[in-house]
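Next come two complexes, and both contain chain A; in the first it sits with chain B, in the second with chain C.
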Partner chain A sequence: MTATEDDATTADVSTPGRPVSLGPAGWLRWGWRQLTSMRTALILLFLLAIASVPGSVLPQQGIDPAAVSQYYQSHPALAPFLNRLSLFNVFAAPWFAAIYLLLFASLAGCVLPRTVRLVGSARQQPPRAPANLARLPASASYVTATAPAQALQQARALLTARRFRISEGDGWVSAEKGYLREVGNLLFHVALLALLFSVGLGGIFGYKANRLLVVGQGFANTPTALDVFRPGRLVGPGNLAPFEINLHGFSAKYVSSGPELDQPLSYDASLTYADRPGTPVRRYQLQVNHPLVVDGVSVYLIGHGYAPIFKVTDGTGTVRWDGPVPFIPVDQTTLTSEGVIKVPDAKPGQLGFAGVFLPSAIDAGGRLASAFPAALNPRVSLVGFTGNLGMNSSQAQSVYQLDTTGLRQLPMQAEPLAAGQSMKLPDGLGTVTYLGYQQWVSLAITYDPGQLPALLSGIAALAGLILSFLIRRRRVFVRATAAADGSTEVWLGGLARSDAAGGFETEFSELAELLRAELPAAAERPFVPERGEVVTPAAAAPAEHDGASAQARASADGQQAAVTDTAGGSGHLGTGVSPVSTVSPRASTDGE
Partner chain B sequence: MPINASLGDLSNGLLLVAVVLYALAMLCYASDFAFARHRIMAGLTDTTVAEVAVPELVAAGSGGPATNVTASPPSATSAAGERASRWPSGFWLRLAFGLTCAGLTAHLAAILARGIAEHRTPWGNMYEFIAAFTCMAVLVLVAASVRYRAYYMGLFVMIPIVFGLGIDLTVLYTPAGSLVPALQSYWIAIHVTAMIVAIGLFIFGAVVTTMYLLASRSVRRLAADQPSWSAGILRHLPAPAVLDRLSYRSILFAFPVWTFGVMAGAIWADHAWGRYWGWDPKETWSFITWVVYAMFLHARATAGWRGRRAAAIQLIGFGCLLFNVIGVNIWISGLHSYAGMG
Partner chain C sequence: MPRLIDPRQSRQTRQQRLHRRPRRTVHGAAVVVAAVMATAGCAGGDIGANTPASSGQSFVGHSYESTYYQAGSRPSAPPVSGTTVTGQHLSLSQYRGDTIVVNFWGSWCAPCRAEAPALGQLARQLAARGVRFVGIDIRDEPDSAVAFMQQFNVGYPSISDPSDEIALDFHSTVPPADIPTTLVIDRSGGIADRIFGASTYRQLLSVINQVTGSAP
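And now, the complex of A and B:
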């Protein structure tokens, strides 16, 4: 499950085919190996990506319930089927949970053993240097007049100064560096697990709520006062922070000319709040992107609209309704809004009204329309109904919709009302007066204790990611042996255990050059290595990339030839000419 | 503050200049492939190997404690030679690179002028966003050209850039304007900038990977003695392994930036909407993109998957990215629907 090449390779190797006969324990081990293999992780990642797609294409219950009902209406046959597959609630679906839980199980199964191994390797010394350093992906050699022990001593000092971890033995030094890469890699994966837990924490102990508030009104943060209340699994009514909020004003500014006409510029809600009943009241200007945080709970401004004020007097002369009625915008650019007034107590008959509010009414070809979102010329047109509103039935009703079955439409004037105008209802049913308008805001109230842990996990994941991308784990070995003529042959070999992006060759050749420069040259004889001095990864091992091998091999040959030509075998190593020989061509063409 | 219309017009003009310069640069890169004889199989000839190898060593050494290496005679001479070879060689390539840099300057100036005209970070709608991430892609091209001598990528990167900017200027053009309240936050400078940087790098990575796939196919065909029609162009490219590594580098850079961008977006979403993650279509697709690129990183480190399979996964990831940037804005409505396209 990680980007470490060697681990990945072992994981692949250790994924066997179906075993022939295994006990229950063997089957479990086999299953666990399958689950934690890189291939399974890749497939699960792929499934996770695929499974997310319907969540963005189909309307989702948790995001836009209205769109889901809309979908039910337009696709009556398909919708129930999709619903059975949880496709309207993808991110809470059991099969979605199955994918990510399997993925995280696979991740944990990969990360935990590696953590144990990392702790083990942190205490371990680098391994003994291989006998033939020329076989390693990067190698270099030279002859020096220094004694072997001293040459090794200098190599050791050089590598120690570069913060390599050192171990040494008879005639060799081996060094390793870059343990932080694995630490970063593990940190990233563990942080992802922590992120999942943080999200779960918020889902269990947090809550989300919505409240529509007309200017002049206030509410206390209790479940009954909230329009929508979605508590986490372990949240009870007593867990809500008991703050109170009162809305005193709201202003919205819009672009009033030019190509961006109607575009909102700012929303500003003036409110006062108290942490709990009886505590001092404070003011706050609530704006988009500037939530109010009170007692650990955040309050957001997420919507606004108009609430025309009506007075409804019934046939007996009793005022049955007097106050603002929030209308819902049906056109976000001009804020044309619709709403209903229900007066079930009216006598002699129940009254209901469906209304349209136009903030800036204009005559658009014989039809009324709103030209601008601000209330420059507010008008309300109403259609009245009488009959049984059905509010005594057990079925829940929306306050924003009028069910006209069982209602009779009243013949009424079509002319929309301006503020202060009244309309007499026929048959002595009463009068309705439009008194003016008020504005409302909708507030989102959220409490999410998983927020901070999620943020910290995210930061840790990012830090781990960067660490694991920046650092490579590499080993450098040095061997020094005394030659027959009293000089010393020094061999350097190196390999990067994780160097997917390259760059180790540069570091290695730099090290080799540094060490060579420190050791006095033995100029009296040219050093001719037994096995050929230039060993390049492309030439020594089959190239890892398709099609690359032929080319790379050709180029490696070319380079060897070039080196031999320029140096001419005239003691170039001893006289310090050719650091080029240690650089493999793959890195070179790459420019690293 | 009112929008400065004349500066907005200046920005439009500068962007147009940039597109024209890029188009000319594209032609010059193509001419370099057609007429320059100096670099057949650039990455494979031993001269190129020698050219690059020594100076890299010096560059690395001069940064470390080992100044004595640079002082040694052979290294010093090759260092002088390197200073020349970092830059493009040959008439057409020099001209192409010069035009690229000039275009980039005009492009940057256009973005700057737009920002000053609007008194805000100029990435508030689709038009500005595309102008910004194409600029980043050219910036990556220039940096990779100098740093990794990836001048051979010029033609292939310029094709989508010119195409994208052309569509941006004609179809998606939006006059300079102000931001809706939801976007009025300093987080736009953090979240959207990170996304722009990441997308620029992802574009470069995707183009290089496409060339990697074509080049590795061409190499196979050449080995089988059945050269494909594109072999003539592709022989100007370095070995597939070099392309693979270059692309991987850009993804290694882009992926953490993208991760950061998604996280910054989550923090902003928490500020603006009251939740840090809500599976809004844009969020969902940035998650999908992230997952597919994570797959690529894992695949590339897994035996049996690296090479062409991993490259294919990267291209799928880029497809998801493109859909997120363009498709989601056009076809799916959500909280991020303020791109000025409905």
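And now, the complex of A and C:
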């Protein structure tokens, strides 16, 4: 890699006029930079949104296979073409995967390096104070009698109390605040990664399944019991939580008058369940959007319908079927439902029936229709078939569909059956009786271990974003220098690093005010500059001074400060009757 | 109205089950788009919109797929017992010391119907060799199950398992993941082979021979 870089550099140098070949590494780096750019991420996000449009416009294999086959029938020419483009299975299509994998790579590639940078930024110490604080956007200065070290010490205390991060040096204090902004920024980025990760977690260890359950029946959460089972990549049949559910009753209430007629009011399924075989059985009232949660697995009520009960006796007089057959609603407002009965072992010939169940049958101009979703006047009309049901091949078939290719329709009366009524089949094929109906519910079983982490990281991302928007990072610098007259000149400078609207000016002047109040102003001090010479601290620090200053430090805390007055050049010290006679050690310190 | 089954569709559904790890990551992408929104995880408000018609109750046979477990690494078969389709009590422990072929089936399941004659025949032929056959009748209607057994001359008993309790008994061993599933249990009670999908006479016989030959 480095070799290639070097080559590129040499090429650059030797042929300055010509465009330079990037080399494989260069191209890789260029590609990576493009991929991880914000623009690419946005484009990919937009593409993803567009790519999912056909998923909602065209019927999807994974969601509604029946609708897909209907589409095949109504668009025989177009459908195979669309199928080749995976448009009936958009969310599993390679091109769709390409988009979201690129998006994932783009986001991860953008967020990871930024995270590292943010960690660095959050740990950063305030920089050295600039030499000229007056040039900063906010600045203040004043003169005090306090010694520079003392003044800085006080400024430091004040800033520390206000939770500034401090760094200091000779004659200056730098303080910075608002690191929480970086923390927020960091939180946002880490949470974004966590969100991606949790989503992946759900895809790997989670699963989704559907199960239709007739009242009076039960099932266990095991693959053979599930009508549709979509496991995550690492989910095996043994990983399913082994709960058992029995359905004891179901009731649906509908609006029976007014403009909202037929609209559902409530659905209520009475369940009992056990966490695993042998554990106590508990009751649960399952309602829409109030899932039953067992072992972290959520069971949602997502559908319901009728299962008319049939008894089919074949030509030999033997009962070949006696039980409920789930019918599937074809009209959601009236719950007119369709279903099939297959009796493959009937003698002398296999029997098949296609039926329509009308919960509230009415005569709509010579044609039967259902007027209401509740079973007020349930009727079933059946069409019988005999022949080959096609069930003795290894080709699986849906229990809701009748393949009529090998079947002959029986000439039968079209009269719909009421509960208890029978219909004799021609040619001595047998009898079919409609005994009544049962209800069924459709359950969606979902396990998504990434759901809670995704929710939490979503919240964290939002919190981080808010922090980083609300908090501004600002710096305050203090410099204190001893003036010639023995007073101390204190300079304050400040700047807000982010351009958050206002607020900093006020904070800064408040700080300046507080600091000024703490330090006694030089003017209030009764000092008279008797001797006019200006003595710079450096000049006032001769070598012979050392002994005296050491003595002064040794003596009790400046009480005897006047002793040092004998030392040359610092004559003004003696005049101080002020409480701040401790200036003398300061003077000597300055001198050193 | 009888809906015609589209061969392409059934093949697709089948493939979906075949690769039994379809792509949930897709959902992932959707969540990325909807970010926080999608995490709420609430079911659609309209209950009616989601019926199993859509899901098509795709009981599917894989094409034949056999997994052999070496002696020593065989999960032990759970103690299974229940009521047979014809009303008798049956426990697998009755057959202790024999090789047991456990077949999960349903009379509504076409691949089960396809393999049933071979199973019936093998059961009769291998009885003298100490190979017992037991069926587990999944999600079935009793009359229909009896008719199935008569039709295919299945002489061995089947435990009725309308609510999948027996299937769940195998949860921590070798769970049946499809219908039909056939398990071959060796003489010491270890699950030696698992077959998904319909098996032919030859396929099943060779598996049984392998197990009886290997059993300790």
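One rule holds for everything that comes next: the second predicted complex is superposed on the first by the 300 of 592 C-alpha atoms of A that agree within 3 Å, B and C clash if a C-alpha of one lies under 4 Å from a C-alpha of the other, contacts with A are read in each partner's own complex, and residues count from 1 in each chain.
Note that contacts are C-beta pairs under 8 Å (C-beta built on N, C-alpha and C of every residue); 3 or more make two chains touch, one makes a residue touch a chain.
Everything numeric here is computed off the predicted structure, so don't read it as measured data.
**Student:** Just checking: does A:Tyr400 make contact with chain B only, chain C only, both, or neither of them? Give me first, second, both or neither.
**Tutor:** second
**Student:** State whether A:Ala517 touches chain B only (first), chain C only (second), both chains, or neither.
**Tutor:** Only chain B is touched by A:Ala517; chain C is not.
**Student:** Mind working out whether A:Ala151 is in touch with chain B, chain C, both or neither, as first, second, both or neither?
**Tutor:** Neither partner.
**Student:** In the superposed arrangement, does A:Thr318 touch chain B (first), chain C (second), both or neither?
**Tutor:** second
**Student:** Counting only touches as set out at the top, which of chain B and chain C does A:Val53 meet: first, second, both, neither?
**Tutor:** Once the two structures are laid over each other on A, A:Val53 reaches chain B alone.
**Student:** So in the superposed three-chain picture, is A:Thr222 touching just chain B, just chain C, both, or none of them (first/second/both/neither)?
**Tutor:** second
**Student:** Scan A:Pro344 for contacts with chain B and chain C and give back first, second, both or neither.
**Tutor:** The answer is second: A:Pro344 touches chain C but not chain B.
**Student:** Contact-wise, after the overlay, does A:Ala97 reach chain B, chain C, both or neither (first, second, both, neither)?
**Tutor:** second
**Student:** Of the partners chain B and chain C, which touch A:Arg233 in the superposed model: first, second, both, neither?
**Tutor:** Only chain C is touched by A:Arg233; chain B is not.
**Student:** Can you list the residues of chain A that meet both chain B and chain C?
**Tutor:** Dual-contact residues (chain A): 45, 48-49, 52, 62-63, 91, 199, 208, 264, 267, 288-289, 291, 298, 300, 302, 444, 446, 448, 451, 454-455, 458-459, 461-462.
**Student:** Looking at the complex, which residues from chain A come into contact with chain C?
**Tutor:** Within the complex, chain A contacts chain C at residues 45, 48-49, 52, 61-70, 72-73, 83, 89, 91-92, 96-97, 99-100, 103-104, 107, 195-196, 199-200, 202-203, 206-208, 210, 212, 217-225, 227-233, 235, 237-238, 240, 242, 244, 246, 264, 267, 277, 288-289, 291, 298, 300-305, 318-323, 326, 328-330, 332, 338, 340, 342-346, 354, 356, 383, 385, 390-405, 442, 444, 446, 448, 451, 454-455, 458-459, 461-462.
**Student:** With touch defined as at the start, can you tell me which chain C residues reach chain A in the complex?
**Tutor:** Those in contact with chain A are residues 1-6, 8-10, 12-14, 16-17, 20-33, 35-36, 38-61, 63, 104, 107-111, 113-115, 138-139, 141-144, 147-148, 150-151, 162-165, 167-169, 171-173, 175-179, 181, 197-198.
**Student:** Can you list the chain B residues touching chain A in their complex?
**Tutor:** Against chain A, chain B makes touches at 41, 43-46, 48-50, 52-54, 56-57, 60-61, 64-66, 68-69, 72, 74-75, 147-149, 175, 177-178, 180-182, 184-185, 187, 215-217, 219-220, 223, 238-242, 244-246, 248-249, 252, 255-256, 259-260, 263, 266-267, 270-281, 284-285, 287-288, 291-292, 294-295, 297-308, 320, 328, 332, 334.
**Student:** Which stretch or stretches of chain A touch chain B in the complex?
**Tutor:** 1-5, 8-9, 11-13, 38-39, 41-42, 45-46, 48-49, 52-53, 55-57, 60, 62-63, 90-91, 161, 199, 208, 255, 258-260, 263-267, 287-291, 298, 300, 302, 444-446, 448, 451, 454-455, 458-459, 461-462, 465-466, 469, 498, 500-502, 506-507, 509-510, 513-514, 517, 543-548, 550-552, 554-555, 558-559, 561-562, 576-580, 583, 585-592
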